[in-house]
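Before any comments, here is the structure.
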Amino acid sequence: MLYTINKSPFSTNNLESALGIAPAGAPILLYEDGVYGAVEGTRSAALIQAALSDHPVFALEADLEARGLSKVIDGVQVIDYDGFVELVEQHDVAPWL
Amino acid sequence: MSDKVAVVMRKAPYGSVYTAEGFRTIMGVAVFEMDISVVFLDDGVYAAVKGQHPEKLDMKPLGDGFPMLGDFGVKKFYVHDESLAARGLTVDDLVVPAEVVSSAEIAKIMGESGKVLPF
Amino acid sequence: MKIGVMVLEGPYQHQAVDSAYHFVQAARARGHEIVGLFLYTDGVNNANRFIKPPGERNISQRLDELGAEGIDIVACTACSKFRGMRPDLKVEHIRMSGLGQLASFLREADRFVTFGD
Amino acid sequence: MKIGVMVLEGPYQHQAVDSAYHFVQAARARGHEIVGLFLYTDGVNNANRFIKPPGERNISQRLDELGAEGIDIVACTACSKFRGMRPDLKVEHIRMSGLGQLASFLREADRFVTFGD
Amino acid sequence: MLYTINKSPFSTNNLESALGIAPAGAPILLYEDGVYGAVEGTRSAALIQAALSDHPVFALEADLEARGLSKVIDGVQVIDYDGFVELVEQHDVAPWL
Amino acid sequence: MSDKVAVVMRKAPYGSVYTAEGFRTIMGVAVFEMDISVVFLDDGVYAAVKGQHPEKLDMKPLGDGFPMLGDFGVKKFYVHDESLAARGLTVDDLVVPAEVVSSAEIAKIMGESGKVLPF
């Protein structure tokens, strides 16, 4: 199942909550304000860095660019909306709003 | 084509409409013979705590409705063990006899449902 | 693949409906069928035909265009009553219906994606 | 004391406008003057006169009553354009104006309280 | 200045953020979903318990009752809307939304 | 009667409208000769980071506007030291030369303004 997160990890517990439920192997998609979780060098970067050993992690390019975020954590895969749809083809979706 | 769906309640009631609409969705979709699993998780466990009295806010109690959902064929209620514990609650504090489940079991319930509606 | 979509927030206040729009466009570009777009809770406010954002994207017009291209866009009737979204205030290609319609979309879809706050 | 109030969210989706309503009632009961209630961003949706919530509190009607009792309730003009909230869709005792009105409320008030999400 | 918090401390960082800014002596008002922070025996109760040594803390009665919350942390003062207004008479307001 | 106000930006841009409206409020209220302090705090610091390009979302860049606010008489910009540090940012990453301030200083700025508008 694809877990989709749209909130900043600094503001809400959504990313932590989703990572607490998602079983190993489940892909994680960061989009909208969720992409702040994909940025390297921040205090919450440890969440995604730890998650990468268990999950493929994706971040939506348009949302990163909108917010001026270019430094993405190593191993996070930057995808466009076409890639988002591709993930949805492969997985059912658990939206973590 | 599948008639399964998981309604995952993660938000607290009254501060926003989601709990009320989650409840309405469960009932409204159950009438059309969907096979529904209801999951209380994070602040969503507060949706089902006993003793809600929003009358002073001129609102209607939300918790009261959950036990009636059985009449609409909704019988699968699950509550997250860690979310209860973090809030100092037990399943006896809830208006429905939900099954207490782990994170892994919630992932499995959602996975088997295929479709997840978040409220 | 058949994909159902739900939107829980209104125009401009949250990115939800924008994300849904871009997702739907990308899904169609990949050859998928959108079985329905359900506007729920504040999502019904996206149907307002009087939206006139000076110099910005027009969200209800965008949805109307998707509707004109054949996507079944449905605003929840009860939510609309709570928000004063009357049928005559809607853009042409969004219709109103109840949760039975959501149930149909859920049943028919291979995947279901919700956008919200 | 003169108190100004701002509401950033629409009806039913968030508790903000309910809290503002109860706060305003309590402030008046304690003898304070509400210099103005500014409906900003989604707050403008509280002005919709077609709101018909079956069996629940009617939020726009409540605001209309406050307005009829002399409270100056103002929906932001620009936010209204973005959300399709036209003047003819409003309840009678809410008017539309711009940020200059917010500035006036801020200047005139001894205290200013914002309710939102 | 009166700091007003309307979010659950389990879901957002608002309570923590406000407590990080509010100077000693500043009153804290928990209302709407903020009242979950006033409940004893929860994992986030420590936030308010620690705050009580520096701040008067208030919780809005109607919001507690609505949510079925009766066990309030010792020292938190339960007030009604009249009390909310009284606090606003005494202090300027910093809404922590 | 006072013409002072603090606009406190705590939310991230684009995911919701608050940053855009906070900016519009600053400009719209400044025109009426209010004395405005702008505070970037928590995710609000992201409102002012350089290099925002929301064109692919069909939105307009928000960061670009802040430096122009000087023309409207808005000159007091403050940014929270801990919020910057938590995000691996420095004031050089921002579009305005904001004064880097501590939590205590932010409390003081808000206190002296008296009225606080949160976005």
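To keep things simple, chains are lettered A, B, C, D, E and F as they appear, and every chain counts its residues starting from 1.
Methods note: a contact is a pair of C-beta atoms (placed from the backbone, for glycine too) under 8 Å apart; a residue touches a chain by one contact, two chains touch by 3 or more.
If you're wondering where the values come from, they're calculated on a predicted model, not measured in any experiment.
Under the contact definition, subunit D and subunit F share the contacting chains C, E. Listing every chain that touches subunit E and subunit F alike gives A, D. Among the other chains, E has the CA centre that is most remote from the centre of subunit C. Of the two chain pairs considered here, D-E and A-B, the higher C-beta contact count falls to D-E.
Seen as a C-alpha superposition, subunit C sits on subunit D after a turn of 180°, to the nearest 5. For the pair subunit A and subunit E, the distance between mean C-alpha positions equals 32 Å. In terms of their C-alpha centroids, the spacing between subunit A and subunit C amounts to 24 Å.
The distance from the centre of subunit B to the centre of subunit F, with each centre set as the mean of the Cα atoms, comes to 39 Å. Subunit A and subunit D have Cα centroids separated by 38 Å. Touching two or more other chains at once are residues 6, 10-11, 13, 32-33, 62, 92-93, 95, 97 of subunit E. Subunit B has residues 14-17, 42, 57, 59, 115-116, 118 in contact with two or more other chains. Of all residues in subunit D, those touching 2 or more other chains are 8, 12-13, 15, 22, 41-42, 56, 78, 111-112, 114, 116-117, listed in ascending order. Listed by label, the pairs of touching chains are A-B, A-C, A-E, A-F, B-C, B-D, B-E, C-D, C-F, D-E, D-F, E-F. Per the touch definition, subunit A reaches subunit F in the complex via residues 6-8, 10-11, 32-33, 36, 39-45, 61-63, 65-68, 70. For subunit D in complex with subunit B, the touching residues are 12-15, 18, 22, 55-57, 117.
Across the complex, subunit D meets subunit F through its residues 4, 6, 8, 40-42, 78-79, 98-100, 102-104, 106-109, 111-112, 114, 116. The touching residues of subunit E, when paired with subunit D in their complex, are 4, 6, 31-33, 62, 80-82, 84-86, 88-89, 92-93, 95, 97.
Taken together, the subunit B residues at the contact with subunit C in this complex read 1-3, 5, 17-18, 21, 24-25, 28-29, 31-32, 34, 115-118.
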